[in-house]
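Chain IDs A, B, C and D follow the sequence of writing; residue 1 opens each chain.
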Amino acid sequence: MDGLLFLIPALPFLAFVLIVLFTNQDQKVSAGLTIGATAVSWLLGWYFAFRAFFDPHGVAEEPIRLSIPWFPGGYSIFYTGFQVDVLTAVMLFMVPFLCFLIFVYSVGYMEGDPRFSRFFAYLALFATGMLGFILADNLLLAFIFWELMGVCSYLLIGFWSFRKPGETHIDHAQVKRARAASIKAFITTRVGDTIMLAGMVLLYAMTGSLRWSEILAPETLEKLADKIVSMPVFGVAPWATVLAILIFWGAIGKSAQFPLHVWLPDAMEGPTPVSALIHAATMVSAGVYLIIRTFPLFHVVAEGSNSAMWFVAFIGTFTALFAATIGIAQFDIKRVLAYSTISQLGYMFAALGIGAYIAAAFHLLMHAFFKALLFLGSGSVIHAMHHGHHVSHEHGHGHEELPIEFNPNDMRLMGGLLNKMPRTAWTFIAGGLSLSGFPLITAGFWSKDEILADAWHGGHMIVFWTLAIAAFVTAFYTGRQIFMVFFGQPRSEAAKHAHESPNSMTVPLVILAVFAIAAGWVGIPETFPGLGAVVRGWFQSLMGAQLEALHLEHETLPFNAAPLLISMTMAVGGLFVAWLIYGRKPLGYEDPLARPLGGLWQAWHNKYWVDELYQATVVAFAKWLAHFLYNFDDRWVIDPIVDGVGRYGRRFAGAVRRFIDEQIIDRIVNGTAWVSNVLGEFLRQIQTGQAQNYLLAILITVTVLIVLGIGVG
Amino acid sequence: MNPLDPRILGEWWNTFLRGLGLAEGWIVFINGLVVTLILLGFGLTSVIFLIWLERKFAGRIQDRLGPNRVGPYGLLQTVADALKLMTKEDITPDNAERVTYNLAPGLAVFAVLMLLVVIPFGPGLIGVDLNIGVLYIVAMGSIGIMAALMAGWASNNKYALLGGFRTVAQLLSYEIPMVLAMSVPVLFAGTMSMHGIVEKQARFQWFGLIMPAAFLLYIISALAENERTPFDLLEAESEIVAGYHIEYSGMKFAWFFLAFFLNTLILSAIAATLFLGGWQGPFVEQVPILGVFYFFIKTTAILLFFMWVRATFPRLRIDQMMALAWKVLVPMGLVLVLLAALVVKLPIPGLLQNLILFVTNIAILLFVLGAVGRHLRKEAERYKVRYQVSGIR
Amino acid sequence: MIPLSWFLAVSAILFVIGFFGVLSRRNAIAILMGIELMLNAVNINVLAFWRYTQPENPAGLVWAIIVITVAAAEAAVGLALFIALYRLRTTVNIDEVDLLKG
Amino acid sequence: MVLQAIFILVALFTIGCALMVVLHRNLFISALFLIASFFGVAVIYVLLEAEFIAVAQILIYIGAIATLIVFAIMLSRGMMTGRTSPRNAQALWAGLGSVILGIALLYVVAYRVQWPVVQKDVPADAIARLGSALVGRYVIPFEVASVLLLAALIGAVMIAREKEV
């Protein structure tokens, strides 16, 4: 049975190949292939996951493995394969299951799209990437699947990046946005990935292995923690810290943390199931998973001097609050959720940064359920708005005069959808409550409380209070969203004509809603009064087994009412304030907060102008550099030099013509021109577009290095 | 040692050399030289006989006498021709690339002569028993292509260049089925050594009898590799005058001619070795010298078959030629190799293996011939219709 | 016995010559020839180390065969590209095709 | 001694031919020298007792790659008229860099490194071992190589094919 491990990622891949090669013409068969393959993967995945759940200590100590020699590298053979330990099992419980539900949902959502089959092919490929990533038993294989996910993300964000003739549901502006968004996502994440690749290469150079079991072994980590590297600018640090931070950059890109968060909101141009699956539940949390996986590397350096952990905590905490505040001022239903995702991922990183391994994993899991639910719910709303718009047009309600352009995603045009689509609404509200951490019953409460309790207990007060404020903001914007979308009066014809989505969409919603509420109960801490005795911290003891296998200590936190009460107050308070502002009285097309908050609101609404900042700095710099090199000799250097020298020379010659031979001056002038010309020509070589020039540079570099090597050693 | 074993001669020769008090290195050197000279002499003289045979044989088939003036039965005709060619003016075109132009004929002969080294003429009678003999043959065969290309390009003549292109296309295409056909005996014998393959064919277990399809595949691709009818469109007079050697005259032309006939001889010898048991035959164990005799009988039989084909068949069109290679012979070869590999690994006695191979080979052969025949009939039908429409019968 | 360093020296020289060809020729086919020389040099190196360190281990031979295979694939695709390029632009000079747009 | 003399001759031949490959103006002649140089390399392989690779070298490099190159040269024949220089502007710098690199490499090879050489014979069944290694331990690289070849085959046909009008 262990030999079947490879099937989990292989089956979706097979579906992808079959769709691309054979069944592209037949939409039903294509969808069936993807869903069928994922269903089998799901069953297999749960088989392995439950094996781990029933024997956590055994599996944590001795993971289920499938390993083959991949390629010989020097004196050793590089093995690759898949493994299931407790952490993988937890992910394996969530990922294929969510994939399956969302794929089923997509059948309804994508109905009628001319690229239906291709959509499912991409989804299948994505499932391969994600499943392979969580199962991989070494960093290199994980990285390959990680990049595969990146490609799928790129393809799916840009899914509507061109319009087939006769397609009406996407307009030209949307096509342009989709193109830009997909490229932005790809390039932004590439920044993180490149840094991570550097970390990976260094790690291999330092340890000679990339397998989790070997690089995370205590002796290897000790070695890495003891070796010191001194760098320019950054100063002295242990290797473990350097490697950890380099790898963390990959996670920053993939999980859309500040400063590489800009791609995720734009990624909402993709179809909503994609947003739910890739940009909320699985791929973006892969970054968190990676850090959880390599946590011992972060943790090994003694506390106090551990700048890697500090860095993770800082980025996470900052992003959590930063993104949450932006979420307050967005009107696009999906963008609110996107910023919320960034913020929640920040929570997880903050948890990891303060050493709360279990809490991070727990929140990762819970977040996947409720955020997927929220996205799918928003997809259902958008779907309904679309149809409502269509219907209102057909029935001659004609051109309603709206103060803003119609956009099915715009929350200002919704309202009152609770009665039109009750199933979607109630499940969405369940997800929203979970996200805002509604006390005691929702999953989000338990996982968020766990993080806050850890921060309080560990004495990280700055982290604690920042996260607490972020929790308040989260509850607030969630409440705002719920009240704007489902309550009040419909604010457009489309909203009036909206109706419930088909069963294939609502059934997954209901299932997910159950999980979004109830899944959290497995993690009720043992020390919690009353309830704790029933569950006895099942999830905590499960992950505890993993921690023990990694030789990290793990303690059960004593019960403390203070963080609990603060967390409850924040959640309920946020929702209440949202009701005060958005739920009490009917809304117009302008946000009631926009006027009173003024500049702050503008900052939030414009996402703190980070995009504009990047446009003005990074992008502009790249363009400027290209221009500069191109124009260097023609405009700015040679001409002024030649002109200046020439003018000076002529004046000088006129004054002292009798004393100095004209030849000398001419020669100086010509010589200067020649020198600058050569210089310019040389600098121009840097970017000629000719591979041979680059190769020459390589030749010179290698030669210099070898000659230096001879000289030195 | 058996007095009728040809190896006794070698023993004697080595003792003789040692008797002269030579160092071991020198003996190796002298032996190499002697073997080279013998092989060269054999190759070059046999070609003279071969050309006579071909003309005589073709003459008989076409109800003529063939050469009969110079010497008894016209035996010296070839010698006379050679003398004529040597004394003819040697022309090099003005715009030819001289070095290449002069190198090409030499390279052509060189590529073929190199092959003589690994051919086992009898038990122990082999230049070098390379353990990768078959691969060596294939490798050397590919050099011949270069000669044609060089000749075609250096002549600076468009017909020559076209001929060169055609040659490359044909030789490269038919090299693949030939290699596939050759790898079937290699698989079955479990060795690439020519001697080893012959030894595996004792007691009439000739691979050509066990695997007739592979044998036929080899014969067809050998015809093409040798640029013989029906694959002689490389030098089709009516289309491209004479192919890549159009500009060559005199001695240089004679070199190409030599390479051509030598190649025929060697391809037949390889066929005899790989598929007809080489020097194997009755009483070879008792009287090893008989092996040489058997080998030449078999080689000559195949040679005569080649000549028969040449005198009988018209040539193919170029598209037919390519289609035959890529659509018929290559797939067939692949199937045959797969089949041989499977059967060799079957855990059953050798005789049963032979039987299975024979039956399946016949089946493949019938299937392929049937398919080709059906296709050709259809094509003929199409042409008939077309001609009827245009009024030509 | 020939010293190992002799083989390495020949390999190094061949490699440098090939690299020079790659860097200095304008014709794409000539560049390809330079690359082939470099690959040959690599193979000499591989086989020399195989012979002088681990002749009983076939890894060196396997490696050499894979290098040859890759060279063949590269030559086939490269030449196909050049022929397509020649058809399109009637040039195979590499310094005349430095634009990404055709 | 004899072996060493042969090696020196072959090495000089190979290097000379390689030089002609990169220096000769006429591309066709360059290609012919390339073939000669391949031949020299094959002999070097024989001296390394890797006969199989040597024969494979002749078969693939001379029989296939060189033929392809010559073919391509002929198909783009207009390029050989020699109106323009065969070398680009950076040839001088490239030459200088190459020479320095070559000297540095030779220095390293000759003086700087003590290679751990063992005196062992090539086993008689080296080719059999190679065969079983290719379908045993190295089966994945082998399969990858074959997939690569297939892809190259199809790719080359697709690229070079003339578009149907």
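Quick notes
Note that in this section a contact is a pair of C-beta atoms (placed from the backbone, for glycine too) under 8 Å apart; a residue touches a chain by one contact, two chains touch by 3 or more.
The structure presented is a predicted model; accordingly, all values stated were derived computationally and were not measured.
Think of each touching pair as a link: the shortest run of links from subunit B to subunit D has 1 of them.
Ranked by how close its mean Cα position lies to the mean of all protein Cα atoms, the top chain is C. A count of contacting C-beta pairs for C-D and for A-C identifies C-D as the more extensively joined pair. Mean C-alpha position of subunit B lies 33 Å from that of subunit C. Rounded to whole angstrom units, the spacing between the C-alpha centres of subunit A and subunit B is 66. Once the centre of each chain is set as its mean CA position, subunit C and subunit D turn out to be 6 Å apart.
Here the CA centre of subunit A is 42 Å from the CA centre of subunit C. Under the contact definition stated at the top, the residues of subunit A that touch 2 or more other chains are 72, 692, 696, 699.
The set of subunit D residues touching two or more other chains comprises 52, 56, 64, 71, 88, 90, 94, 97-98, 101, 105, 138, 141. The chain pairs satisfying the stated touch condition come to A-C, A-D, B-D, C-D. By the touch criterion given at the top, residues 25, 97, 99-100, 103, 130-132, 135-136, 138-143, 145-146, 149-150, 153, 161, 164-165, 168, 172, 175, 192 of subunit B touch subunit D in their complex.
Of all the residues in subunit C, the ones that touch subunit A in their complex are 19, 22-24, 31, 59, 94-95, 98-100.
On subunit D, the positions that touch subunit B within their shared complex are 2, 26, 28-29, 32, 35, 51-52, 55-56, 58-59, 62-64, 66-67, 70-71, 74, 127.
Taken in their complex, subunit C has these residues touching subunit D: 1-2, 4-10, 12-21, 23-27, 29-30, 32-34, 36-37, 40, 43-44, 47-56, 58-59, 61-62, 64-66, 68-77, 79-84, 86-87, 90-95.
Taken in their complex, subunit D has these residues touching subunit A: 88, 90, 93-94, 97-98, 100-101, 104-105, 107-108, 112, 137-138, 140-141.
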